[in-house]
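What follows is a single structure, written as structure tokens, with notes after it.
Think of it as A, B, C, D, E, F, G and H in the order they're written, each chain with its own count starting at 1.
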Amino acid sequence: MSASAVVFYILSFFILAAGLLAVASRKIFRSAIWLLFSLTGIAGLYFWLQMEFIAAVQIVVYVGGIVVLIIFSIFLTQQSGKDLPAPVRSRAIFSVLAAGAGFMLTWLMIRRYGFHPVGQGTIDASVGNIGAQMLSTSEHGYVLPFEVISILLLAAMIGCIVIAIKTKPEDK
Amino acid sequence: MGSASLIVLFFAGVAFAAGGIAVARFFVKGTKNLQKGQAYECGIPTTGTPWNQFNIGYYLYALIFLIFDVELVFMYPWAVAVKKVGMAALGEIVIFLFILFMGFLYAHKKGALKWM
Amino acid sequence: MFLKKYISDVFGAVRSLLKGMRLTGYYFTHRKEIITQQYPDNKEEMKLPERFRGEVVMLHDEKNEHACTGCTACELACPNGTIKIITKFDMTPEGKKKKALDTFIYHLELCTMCNLCIEACPTDAIKMAQNFEHSVYDRSELTKKLNKPGSKIREGVE
Amino acid sequence: MDVVPQNMADKPFPGEVHPTAGGGILVTKLDEVINWARSNSLWPLVFGTSCCAIEMMSTAAAKYDWSRFGFEVARATPRQADVIIIAGTIVNKMAPVLKRLYDQMADPKYVIAMGACATSGGPFFYNTYSVVKGADHVIPVDVYVAGCPPRPEALLHALIALQKKIREGVS
Amino acid sequence: MLSIENITHSIDAWLNSMFHPTVVLLVESLIVGICAISLFAVLGLVLVLMERKVSAYMQIRLGPNRVGPGGTLQTVADTLKLAMKEGLTPDGADKFLFNLAPFVVIIVAMLILAPVAFAKGTQIWDLNIGVLYISAVSSLSVIGILMAGWASNNKYSLLGAMRSGAQIVSYELSAGISVISIVVLTGSLRIQDIIASQQDGWWLFKGHIPALLSFVIFIIAVTAETNRAPFDLAEAESELTAGFHTEYSGMKFALFFLAEYVNIFIVCAIAATLYLGGWMPLHIGHWTGFNQVMDYIPSSLWFMGKTFFLIFVIMWFRWTFPRLRIDQLLNLEWKYLLPISMVNLLLMTLIAIEGWHF
Amino acid sequence: MNKEELKVRLEALLLPPTFEEGAEWTTAVVDPAGWEGFARHLRSDAGLEFDFLFCVTAVDWRTHFTMVYHLTSTLHRHTMVVKVKLDHDHPSLPTVSDIWRTAEFHEREAFDLFGVVFTGHPDLRRLFMTDEWNGWPLRKDYEDPVNMIKL
Amino acid sequence: MIQEVGTTEQGELVINLGPQHPSTHGVLHLVITLSGETIKKVEPHLGYIHRSIEKMCESLSYRQFIYVTSRMDYLSSHINNHGCALCVEKGMQIEVPPRAKVIRVLMDELTRLASHQLWWGAMAMDVGALTPFFHAFREREAINDIMEETCGARLTMNYMVPGGVMADLHPDFQKKVKEFIRFFRTKIDEYDELVTGNVIFKSRMEGIGYLSAESAVSYGCTGPTARGSGVSCDIRKLYPYEVYGQLQFEEVTATGGDCFARYMVRMQEMRQSLSIIEQLIDNIPEGEFQAKTKAVLKLPKGEFYSRVETARGEFGVYIISEGGTTPYRIKFRSPGFSNLSALDHMARGYKIGDLVAIMGTLDLVIPDIDR
Amino acid sequence: MNQVPLSHILFVSTALFFIGMYGLFTRRNMITMLMSVELILNSVNINFIAFNKYLYPEKLEGVFFSLFIIAIAAAEAAVAIAIIINLYRNLRSIDVEDANEMKF
């Protein structure tokens, strides 16, 4: 096994372990931190896949944005020092079984299905290419989604504000 | 060096921090007393725990930040490509920013950027 | 209109900030403005004003004589009991008993350098010295005996 | 308030004087280096209760400038401070706070009693019902400096004395 | 001429000639690791001393001058002292996260080092997304602060951490836009490309007013991002005693302290790279003679000079200005810096497309 | 208004106080029961308008207590002193902290050091001493063998 | 009770500021109820430096008790001593020689300057600017040197005695003071440049900690705190003592009622003090510096109240004498005590950072409050 | 990179997906549920990238999809948290069960 493969397995282990802890930890703040580690690990995986841009985006958006937001909302809404209630036993068993079964099923399907590279040649997933393709108005260009994203963000922002501000006067 | 450097730097960081902390562990025998481990609050025993709900006005900023952060992410590839694409890119970004700026104005108007 | 105010706000702010930076920058570049006196190294040239009150001392002349009659005026004048005078009875040549100073105990750790004792002393036996280096590791060292061992009252002081 | 004088409740005041830790003098090379470092980097806790604190500030200020010795990094939290300069009177209500601050400091830690009040109660020794007669009734003190207030040079002298004490490995 | 570039190359060549590639990789990793660690240590010592001296001179006093010649060993003593100080963990804290936080902060500071070009050809990893990588990774450090603040179980810490959370994320935006406005000019995120594009002059001079504006905004934003005064609300001493690191002592505190200074160094290095050409000597257009003279000064000196100058400016801020209040701080970002930098970016784009820059 | 005019003006009140002579300022003596009403008059009656309570003192006369209020008017610039005599065993007096806000702290101080109880005070607690402190230190009969070293 | 919980229902946080805290200037203990960053309530807890001075004075003679009062408001120690000396003189009907009067006023004004300088530095430090503190101390040191030369101490001088001052002026006094005035005139402009005009500082100050004139009076505020709200309350003007009646100076008032108004009042007061010193420094009458008094002072039976204007406001000394050598009861009316009581009123609804600024502009000296 | 077969990467993403599922099932708290959803979205992203890399190396479609997914995830998280906070303000609880009771 080459060094690179070793790195991959360590990373995957890290991602899965942190993910598992994130959903299992009883302390909500720790849970958020484990989620953070898991997401960082995924960014590492992208680095390993030589998709640096996506990795950076992953860090910027998930780690720098979403997790911070989650932490803030934990401060706001939770007794973050208290333990979360343990899941109901029956429900936990059901969940484990369901998730396990689902996992097995999918895994079997994946094993059965052979993946074959379709395309030939490679394209450098550099930011330049991404940018060029994003801005191009040709058939494979993504300029429309690019603009649509801004509308989506606008909608999200307005939505957030409307929802979050709604109860403000009563607070004051 | 390539991406291996990340691993190297990561471990350098770990080693640095761990080394520093270990020295004190090894050499310093701290005295123990009852009050040492308690939280510091200007010399007065704390009451209650900060791990509680906490009324903060910061989260709206974080919400809006997240939106702008995503916008920023899309602007990196744009910025790299802008010279190649030329004027069209400027137009595209003007539309893009204009739409977001609307949201910004809206937020401003609604008072989301005012401190609560 | 709004834009104009906005821009002039920004400019005014930047101007005021730059002003402050100019001042600190001036001090940064002008070493002659530094007023630091390097204490332990400047001991020689350090001159304290003669009125500075550092501690109470009793004046002894070369014959190891002082002017204190043991009248306890200073003890009474002292607001916080810094001075304890222990008197004894000396025999005068005429065979009369005379009150005299035995020990002048001075609690430096209590003294507030208020000068009241000096004012009160009728014979100017004590005065304020300029010594200020009183740091000790053990506070009992601060309790001092002001009259030197074997000293006695100067002739003619009443 | 809930300032229970934890350490004072059981013993009536003036209580006992805390002895300063001392004794074993260490002389190995390593200790020498460590003591050199410690003595030259005494970060004081921001702690001043009354008039003496003003003279402490003067010591920090430009004319006397204790930063020449590396003392200027005044920390507001006891966790990061090395030395408490007790600048001012300690009263009974403050004593538990002082004790607590001292307790919460990370080892090694040192104490300087600045001024008559901290050394012995000073002007408030007699006829007062609320003043602690010397900070060493509350916490062990390494260096005492008399004066009311001691002039800045006197405080510097005390700091140098403390450096000497540390360097000799006495505490 | 002795330059860092030559040294690294010769070491690399020598290693490759002697050993198996894997061994070479390992040895090089080791060298890089040691270099990074010593860089950290040296930076910490130098910058702290510099800060103390700068503050002293601005405050008409002498500053440390008794420990070692001219006080140069002062920070060494401080570091040793901190290392020899008990690192206590409060009882009520979340011990695991409490001890993890300094690691996170330090590791993040380490990782940002990767694409920084210290001199011509001296760079740990010339990543193709250089500047994006830096802004991405540096956004991680906020997590370390939040973690520290929360895990301390101390009200001051928590307040400080949340302030700094809001502050860092906000200022990331205008810092990001400032970076983008330079990327627009260079058309690449790669640090070497950015530096190379300043062959004939630094962007600060070539880019007209918009470049200047974005430079100013960038400096302000990074000052805020590194929690430096006047934006040091996270550790506002007169309000929250020591902010998020109130409960940290000894080496754990030192690591936060160090990370702060290393972060300053890195952001200043980035600012120098983006606007002042990194290690690129001062070149003016086609004045070949002048340019050649400038080239005689080693590139590492250029880089360090620029970076330290910017660090000095940031220190200058600190010792001049009062601290902002938290709402003013966020106002500054959202009402002034962000709109201005957005408009500025559009101007910059125009300049870039039309080629109006020099 | 000078001293005499003030005296005349005060005598016209519903519950006229008695006066003490020989002091620097007009000195009125009232009893605890009438104090609150009197205070309201002083504060709001036209021509009096004593809006500035600048000193509140409690005095232990061994047999009784006196509360001394120094009042001044920022409008008319006249000053007067009001004394209220209190019982020694159970000193108690209605509060005036709703008339002059500053009285809130001053009364707490008097309570803390003398044990004078102000009825209706919003927050009557020890101010200087710790809550578990025993005794009223500024009373003349206060003895504290532990803390107080007599010279 | 709130303190039991630490956090109330609405996500409010109860936090202790002090007694050991950089911005409380000593050992003030504030219990703050916060909602987010907004202050809901401030509750001052005093007594961390309550030194029982009033009790102590009951056993000190009239000569002795003066020195303790310099430990109360140590920044205006001269002025405190002055108030006490005045009260004793009032009781004993001692006529103070004119030279002593002028010396006293000179010293008072120098003290006021030193106090305001320290306040300026400390206040700038509270709002986060560290350099002004050092600049302020440079000027303060100059005053301290002058003081030390004449009075023999830097901070707690004990220079006033009943009937005059303890010692005559030092021969160099006039020269040094003139030098200082010239020096300080240039520096006070630097103060404006460094802090007053600074946009950050201004925005930290303006509109913060509003105190209306009515509440200022009702809370018993005096000194610059009240004058910042437009209440005229300068004892030097209203009830002139010593030579203040013959001097040309203005009572500085501002109408803003916010922190900036209080700040400006103090800045102006420094200039006024300078002009008072300038008026007096060349006109020190010759003569005795101390009236002849008996060795043991005995106040007649009665009550004596005297007030002076310290750097923080009105300082009152109320002596009740039974005719003995010691006061029967002595009460110090300290300006800070009343000013502090308005803190809660002023701070509600503002942020923590504002609280620090408000406390800065109140210029609290805690031993003065606790006594 | 080439020594690791695609299926191993898929294993990771699938496992992560079901870990997220498990969290979604067991957690009652909206914030933790949101965290689980983030995990699920990430697992999908991994797939996009991996497929792009292994199967269609000449295209960038996968990259774009994951880019947009990240953008949408961010928007979704923002809105979700706004809703959670709003709910919390009204109900003083963010338990899903409690939220069910309140119909609005």
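To be clear about the criterion, a contact is a pair of C-beta atoms (placed from the backbone, for glycine too) under 8 Å apart; a residue touches a chain by one contact, two chains touch by 3 or more.
For clarity, every value in this text was computed on a predicted model and none was experimentally measured.
Shared contacts of chain B and chain F, meaning chains that touch the two of them, come down to D, G.
In terms of C-beta pairs in contact, A-H outnumbers the other of B-D and A-H. Annotation: 45 Å between the Cα-based centres of chain E and chain G. Annotation: 21 Å between the Cα-based centres of chain C and chain D. Chain centres here are Cα averages; for chain A and chain G they lie 60 Å apart. Chain A and chain B, compared by their mean Cα positions, are separated by 17 Å. Within chain F, contacts with two or more other chains are made by residues 128-130, 137, 151.
For chain B, residues touching at least two other chains, in rising order: 3-4, 6-7, 27-28, 30, 36, 38, 40-44, 46-47, 49-56, 58-59, 62-67, 69-70, 72-74, 76, 79-82, 84, 89, 97, 104, 115-116.
Annotation for chain G: residues 3, 11, 13, 15, 19-22, 29, 37, 47, 50, 52, 55, 59-60, 67-68, 131, 133-135, 138, 141, 156, 194-195, 198, 200 touch two or more other chains.
Contact annotation for chain pairs lists A-B, A-E, A-H, B-D, B-E, B-G, B-H, C-D, C-E, C-G, D-E, D-F, D-G, E-G, F-G, with touch applied as defined.
By the touch criterion stated above, chain D contacts chain B in their complex at residues 1-4, 6, 34, 77-79, 97-101, 103-104, 106-108.
Those residues of chain G that touch chain B in the complex are listed here as 3-7, 10-21, 29, 35-38. Every residue of chain B that touches chain G in the complex is listed here, in rising order: 41-44, 46-50, 52-58, 115-116. Every residue of chain H that touches chain A in the complex is listed here, in rising order: 1, 3-4, 6-12, 14-23, 25-29, 31-32, 34-36, 38-39, 42, 45-46, 49-60, 63-64, 66-68, 70-79, 81-86, 88-90, 94. Chain E meets chain A in the complex at residues 22, 94, 96-97, 127-129, 132-133, 135-137, 139-140, 142-143, 146-147, 150, 153, 158, 162, 165, 169, 172, 187-189.
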